[in-house]
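Here come two complexes built around subunit A, the first alongside subunit B, the second alongside subunit C.
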Partner chain A sequence: MSLELNIPDVVQQGFAFRAALDPTGLSFQLSGSADARATSELEAFVRHMHDEARRLAVSEVVVDLNGCKFMNSSCFKAFLVWLTQIAELAPDDRYKLRFAWDGSSYWQRRGLQALKAYAVDLVQL
Partner chain B sequence: MRPPAPPAPPPPGAIVIAHPERKAQRALHRIVGAARWPVRIVADLDALVAAVDASAIAVVDATLARTRPEICARPARAWIAVPGDGGAPTEPDTVDALLEAGWTHIAAHPMPLLAEELLTTIFKLIHGDPFGLEKYLAWRAPVHACTLADARDREPALAALAADLAGMGLPERASSLARVIADELLANALYAAPVDGDGHRFRLREARDQPRALTGREAVTVRWGTDARYLAIEVADGWGSLDEAAVGGRIVSGARAPGGDGGMGLTLVYACCTQLVIGTAPAARTELIALLDLRYRPTELGRSTSFHAFRGG
Partner chain C sequence: MGCPTYLELTFRPDLELVTDVRDFVEAFYLRVLRDPDLSGRLMIATHELLENAAKYSLDGETSLRIEVVPGPAAHAITVRTRNRAEDHHVTTLRVYLDEMRASADPDAYYLQRMRRAARGTDVSQLGLARVRCEAELQLSCTVEGDLVTIHAETTVR
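And then the complex of A and B:
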């Protein structure tokens, strides 16, 4: 099994998604504004992240929202779908999403609390 | 045998369908025909605009609507956008564009959900009756109601909801989503809805653990019910302060305010549900209903959510 990461960065005007694999684990950094222009790209990126997390059998994925200025409902839903897909795996195959976030951002706090409430066993804040 | 009495005549008006595809035209005609209103079918927006007056309900292909989204500002009883292709949901970027343009009725899901959603919406519009989750559930589906006596009753109400849903055997994910939705809607009713005479939302910054008796206009009720198709969660307040026409735009772009809520609560609710329904009677009542379709997993329903906003008297 290749331990190289197979997810190309997505860098477009207004937003960027970057994945990284290093000795500390698999991570996903969102920056910019996750709005309507970013929805399709985010959904595809999240699908790739899920596939890679399963292939590499990681126990968690770090999702870094520190550079994310905004997220609309469609992009938020992409995370709900991701968590649903993780929850549908066999218990031994599940992994967690650990969110790194901006403590001064009220919308991030509200949104992440909602994600935690949705999948309390799969989300770490 | 005496012939059956005809149904009472509906109020005067017409339904105008604008869709470029013959098959979709026939399907939509079959659905809206149940309302017993005259139905006209046109193929383009120019013909639609010519046919729609203030008493009419316009049912428009969402892709067509997106080419001239501003038409929803023209006088009509309602403008309703429906999926462009019978088998596919409305694309999320089209839903977002229509919400931003001020559309207050967007049916995002294809058949068979479309038939249920469109007909209920049209019945509500024709009869001017915007309130009540019962309209979305099968006949006699039990509805559980919980009136909060104090602002601190939010958590006990959520616990009652979770326990009730677990007792009915609903999937854990549906219960979790329902709890997220109810929590956001209750926070909205308790802290965002109250306004003073100047329209200032004076409880926005109130501590969430502060006691407050909920009497008179401050009363907040949460109700829920399921018919095994839908789980419906309804939260109502007595302020009627929500600008239902502006909510769609806030959902799409409203959470940008640095350091502020900026409408994140309704954005989250919209993300979590299958259909968001708003009913308002200005200065009297705001009611938000979130519907979860239990027949589909969240991953199967795609990412589009339907949106309907009604204004009553």
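And then the complex of A and C:
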């Protein structure tokens, strides 16, 4: 099995998504504004993240929102779909999403509370 | 009640403009309210309402009004969007708002909406539930002909 990560960065005006695999694990960094311009790119990126997380059999993926200025409900939905796909895996194949976030950001605090309520066993804050 | 502070914009947006307007009104909220959490709540509401208005506007034109009315004990804050819309979108909106009002618990309703959104293949329809739950604002709408006005309101001490 190749340990190379097969997810190209997405860098566009207003937002960027970057995946990384290093000795600490698999991570996903969002920056900019995840809004209507970013929805379809985010949906595709999250699908790739899920495929790679399964291929590499990781126990968690770190999602870094520190550089993410805002996320609209359509992009938020991409995370709900991702968590649903994880929940549908066999218990031994499931992995967690651990969020790194900015405590001073109201939308991150409230949005992540909602994600935690949606998938309490799969979301770590 | 004191003299209101308000901001009103009318524009014909593409969706990209919504982000620029959100950034602009963020500065307004921080300047007028001096409360980062309250500004964060209003940012969520402004963005979600504007995106909806831009998506469903019949002629592309949307107006946004943000108003802060000081009172002796509390401020009344309203975020209002207005656009022309097709009948079936107005009907969908009314059904959505009625359903939301019938659910006494905003968190439970939001969770139910999240479950539906995660299974659905079309638009998320999460935005208004998010405004009610995460932004903690009360939502209502008025319709005159094909002109739809959505009000998101709160009172803060």
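Simple rule for what comes next: the second predicted complex is superposed on the first by the 125 of 125 C-alpha atoms of A that agree within 3 Å, B and C clash if a C-alpha of one lies under 4 Å from a C-alpha of the other, contacts with A are read in each partner's own complex, and residues count from 1 in each chain.
Note that in this section a residue touches a chain if its C-beta (ideal position, glycine included) is under 8 Å from a C-beta of that chain, and two chains touch if they have at least 3 such contacts.
Quick caveat, the model's predicted, so the values are computed rather than measured.
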Exercise for the section: State whether A:72 touches subunit B only (first), subunit C only (second), both chains, or neither. Expected result: both
Problem - Greater residue coverage of subunit A in the superposed arrangement, subunit B or subunit C - result: B
Practice task
Name the contact category of A:107: first (subunit B only), second (subunit C only), both, or neither.
Solution key: both
Exercise for the section: Return first, second, both or neither, reflecting whether A:41 touches subunit B, subunit C, both chains, or no partner chain. Expected result: neither
Exercise for the section: For A:14, select first, second, both or neither according to whether it touches subunit B, subunit C, the two together, or no partner. Expected result: second
Practice task
Would you check which partner chain A:60 touches, where first means subunit B only, second means subunit C only, and both and neither mean what they say?
Solution key: neither
Exercise for the section: Using the superposition described at the top, list the residues of subunit A that contact subunit B and also contact subunit C. Expected result: 33, 35-36, 70, 72-74, 76-77, 80-81, 84, 104-107, 110-111, 114, 117-118
Handout entry: subunit A-touching residues of subunit C, taken from the complex the two chains share
Key = 15-16, 18-19, 22, 36-37, 39-41, 43-44, 47-48, 51, 107, 110-111, 114-115, 117-119, 123-124, 126-127, 130, 133-134
Exercise for the section: State the interface residues of subunit A toward subunit B in the complex, per the touch definition above. Expected result: 33, 35-36, 39-40, 43, 69-74, 76-78, 80-81, 84-85, 87-88, 104-107, 110-111, 114, 117-120
Exercise for the section: Enumerate the contact residues on subunit A facing subunit C in the complex. Expected result: 14, 33, 35-37, 70, 72-74, 76-77, 80-81, 83-84, 104-107, 110-111, 114, 117-118
Fill in the blank from the handout: As the complex stands, subunit B meets subunit A at residues 92-93, 96-97, 173, 176-177, 179-180, 183-184, 251-253, 255-256, 258-262, 264-265, 267-268, 270-272, 297-299, 303, 305
